[in-house]
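Please read through the structure below; I'll follow up with questions.
Order of writing sets the labels: A, B, C and D. Residues in every chain begin at 1.
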Amino acid sequence: MSTATDLLERFGTNYRISEVNEQKADLTFFKVPKDQAVRLLRELRDDAGYTHLAFLTNIDYIERGIFTLNYMLHNYDTRHTLGMHVDLDRDNAEMESIHNMWAQAATYQRELREMYGIRFPGSPRLDDDFCLEGWDQIPPMRKEFDTAAFSLARFYSRDGRGTEDPREHMKQQLYPTHTDDAPEGGN
Amino acid sequence: MKDMDKSFKKDTETEFPLREEMRPHQVTAPDGQVIDIDPLQDYFCQEPPKVHAKSYFKIVEDFYNWARAHSLWILGFGTGCGAIEMRPLMTPRFDAYRYGIQWRPTPRQANLLVISGYLSVKTLKRAIRAYEQMPAPKYVVGLGSCTINGGMYWDSYNTINKFDEFLPVDLYITGCMPRPEVLMAGVLELKKKIKEGRADGANRYVENFEWYKANQKRVIKNWNMPDYNW
Amino acid sequence: MTFEWIQIPYALLTVFIILNYGMIMTAIMQKIGARVGGRYGIPVWQNYIDLVKNWALRTKITHGVMFYLGPVFRLTGGLGLILFVPTIYGSVMHQNFSYSGDLILALYFIFFGTLGMALGAGESGHPHSAIGVSRGLAQVTAAELPLALAVFSISLQYQTLNITEIVAAQQGSIFNWTLFTNPLAVIAAMFGFVGTMMRSPFDVVLAPQEIPIGPPTEYHSAYLALMQTNRVIFPIAKTIIYMNLFFGGATGWGAFAVKVFALYFVTVFIGVVHPRFRVEQSIRFFLKWGLPVGILAIMAV
Amino acid sequence: MFEPTPQVDLSSGKYLKLWQGPQHPGITGNMALELTTMGDEIVDCKTHVGYLHRGFEKLMERRTFIQNFPIVCRIAVPEPTFNEYLYAAVVEELTGIESPERAEWIRTLNLELMRLASYLMWLGGIGAAFGQGTVYQWTVTHRDYILDLFEEMTGARVYHMYIVPGGVRGRLPEGFEERCNDVLNRVEKLLFDVEKVLFNNFVFKKRTKGLGVIAPEMVDQYGITGPNQRAAGFVRDLRRDAPYLVYDQLEFDVITATESDAYARSWVRYQEMHQGIRMLRQCLERTPREGPFQARMPNVLHWEVPAGETYVKAECTRGEYGYYMVTDGSEYVRRVHVRGPSYTHAIALMEKLAVGTNIADTAGLMVSLHTYPPEIER
């Protein structure tokens, strides 16, 4: 699509844009370094017409030790969506706040602070509780947090809930003779 | 759960800070008078709850129970997704008003707390407060499988799994989500229970007060309210 | 009129009849409202069951003396209104304690309950109560203005402050009613009537959405039962005054039942098709429409 | 643009802190507004959410792709179908499965029915928020008729679990068209009644006109989408701008207004219901009666979706609803983010619009923005 290529050519000289992925005609993902991100966002919003911040979220790549923030911008005129990735250090995640550019960004940053522990210095009400109240564990959306184990440990679970591996279960349902302890004539 | 380094944890060693308006502070009235306020002391009654005896005569108690059964006032508190099927219940299709059921907007005037679906920890705290503010013969109905054993959210880190550990439940209604017909059947079942005098959850709650409080405090970490909210 | 001891049981009988009539009638009105929405509605005896249930509740929490007295004052307003207004014209039994200046007393009692409630609800310390009370007082005051003007107008017209005499002057033919002899006053008074009956569009005081139910937020069990009793007595009592002043009174219980029902139905009829005003909007409404009509009514007389 | 809230000295005794919710009839769903009021006027408003937080995004990370499918519809309670569709669409895009044309039509029918049901619920809500309980009774009942259609079509009233990746779960039942048309006629009749009772009512006009005006320049700053945006004069509708399913073959108008107050927003939604009925009639007429309704699927029990990421969005009743999914080639999803339009409407926008309004208008303002808490916190 020409819009995405044009755009990346236009900003490619000033910004270190990498990993461009044209997912579909109206959606392009790319990556910029952390120090250039907010400057590029501002330029995209003010000069390139990407005025709508659809959302801001984070992907946890625990095996690589990074967080990847994703800013999803939309241009209403060309109807093109841009996903801007920014890598953060997972152990010391901190990012510049964009609450001055979009009003709803403050809420997203609050959520990321609570769910991943990413700091956004200067963002308003950042440390207020967002969804969780009295949370005393590591931020729950981080990959190392095991929600099932936590739930079993803290919220009393009732007896009688059986968990079946769907694959095993279906194998038993479909090919009962292949299992060792198949009931007689069961199908 | 794996033990991670503490840097991301919220600080639990120190107390969860009280909200600003909950701390003791001074208020200057418009006429210049300065008033000391300690919200946690002044706004609540610290008296522990007590068991309420039944009426002395059985026939009177039966009559009262009959009236209670036919005048169930539900607290208008949609705690979860089950609330969406409570609306058809109160509208022409099913019209629960026929059975003396109506919404009350304040817990003081309600007898029946319907926990409509999953309870997050944050809502649990409010549900407990609402329950404790309701006047005494009060009933709790758990709606949907999420209140029974967690349902779909059995492994969620923010929803409780077994509701009867926290409040005395009189009746569970199963389903995800329960249809209005089931709600109706459940309410009629509850009526039967009340008429027979078996729905005494309020007294059960008081008798096992310590156990319930221990369970509640185990889950609710920032307990910034008195033990019993009148 | 001289006082006789037999009047006391007679008056109590009146109150008893009105209480039961009110219980059934308000339930029927609720049913009518429900039918508009397409529902079947509550059973007609539901009010009795609710009353018994509220008496039977085991927990009773108080917030102080005034909290106790709030519903009591409210009920006093309703009862006082009935006791000093002749219910059935020409009947010795249901003449109650009517005397020569009872119209003034009735006007006072209409307001009395609201004031008492304000004190009691204020004591409960709930912010919603306080907001509800301030809204209620403001709105009732504004709604009373056209009523007061209409009352001036008809007391000028009939040259008396005695309700019995006003009713007597309207007997004979339907065209002797104030409704036809002084229509402006009736219109002004109906503003006050609709405005103080706590139904849409003037029920923001008790509105569950705008503020959870206002003054009675903290009331429960027996307190609420008292207020429920009042809630069925007081509108009837108010309707009786209107019936006496403007619609020729009632000469028997049959006429009473029909006229009160019809008058009460006016508010229900308006209520089911209108959303509610905000309090300052309703005040403005009364001042803009009710007040000029009231003044015109006085000028016309 | 973020504006710092005014510093309010609570100890001065002039202000009253008032919580509206979570237990409050005048709030949509289970959330809370922390209002600081002076007299009857709100000087500061803070939204508190999280009462419905279930951690969906975490739960989806530890379920296989097919296990996710029954739980996604629970994200937004009054409108589960949009979640089903978007989840299916996002998986289809990543795996390259194409759902057959018949399924596309049935999906559109399903989504539009859901939109109508959701709007009916909202219409009752706006009536109730301003004290018009009669409209509420009417619309919720008519919504129930639509739920009956859903039950016939999918087997469930609320959580249908009907739109699966690769198509839909079943064909339309026999005689569905007549029954659906019957319901549509009834709803249309109801809408004209509602117009008379609610939209022409002078009290309603007095209450809603001029309430909560969204200035056009706020739309992009706050990320406002959907009818809230169209009421501010923007002709933007994803169904027309980025057609998905079969919307490019349907005739409908994009409804806009310019006043951008609560009344205009309500009016836009009311008109969209009529457009919805129009589209549904076209769908009923043109849905293919023959052909497959499900694509060939791999064995879903060990279904490995290739690595990739994408974002799919659709126009739901409240605005842009989107699913962002990152996969890493395993049986489990790496990350799902659900973009709900209420996220910004209920928090950033509500906090801004509530300042300066009357306490009594809070409920109406809230409903006029059409927010559903469960999609905020998921």
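Please note the rule applied: a contact is a pair of C-beta atoms (placed from the backbone, for glycine too) under 8 Å apart; a residue touches a chain by one contact, two chains touch by 3 or more.
None of these values were measured; they are calculated from a predicted model.
Per-chain CA centroids place subunit C at a distance of 44 Å from subunit D.
Taking the mean of the C-alpha atoms as each chain's centre, subunit B and subunit C sit 36 Å apart. Taking each chain's centre as the average of its CA atoms, subunit B and subunit D sit 29 Å apart. The set of subunit A residues touching two or more other chains comprises 131-133, 140, 145, 147-148. Residues of subunit C in contact with at least two other chains: 34, 37-39, 128, 208, 212. Along subunit B, residues 76, 91-92, 103, 105, 122, 155-159 each make contact with two or more other chains.
If you sketch which chains touch which, the pattern fits none of the simple shapes: not an open path, not a single ring, not a star, and not all-to-all.
Taken together, the chains touch in the following pairs: A-B, A-D, B-C, B-D, C-D.
Those residues of subunit B that touch subunit A in the complex are listed here as 1-2, 4, 7-10, 12, 16, 121-122, 125, 148-150, 154-162, 165, 215, 218-223. Residue ranges on subunit A touching subunit D, taken from their complex, read 21, 23-24, 26-27, 29, 51-55, 57-60, 70, 72, 76, 79, 81, 83, 99-108, 124-125, 129-133, 140-141, 143, 145, 147-148, 166-167, 170. Subunit B contributes residues 43, 45, 52, 63-64, 67-68, 70-71, 76, 91-92, 95, 97-98, 100, 102-103, 105-106, 108-109, 111, 135-137, 202, 230 to its touches with subunit C in the complex.
Those residues of subunit B whose C-beta lies close enough to touch subunit D in the complex are 20-21, 25-30, 75-81, 83-85, 87-88, 91-93, 103, 105, 107, 118, 120, 122-123, 126, 130, 152-153, 155-159, 176-177, 179. Per the touch definition, subunit D reaches subunit B in the complex via residues 10-14, 17, 22-25, 29-30, 50-55, 58-59, 62, 70-71, 74, 77-78, 121, 124, 136-137, 140-141, 143-144, 147, 157-159, 374.
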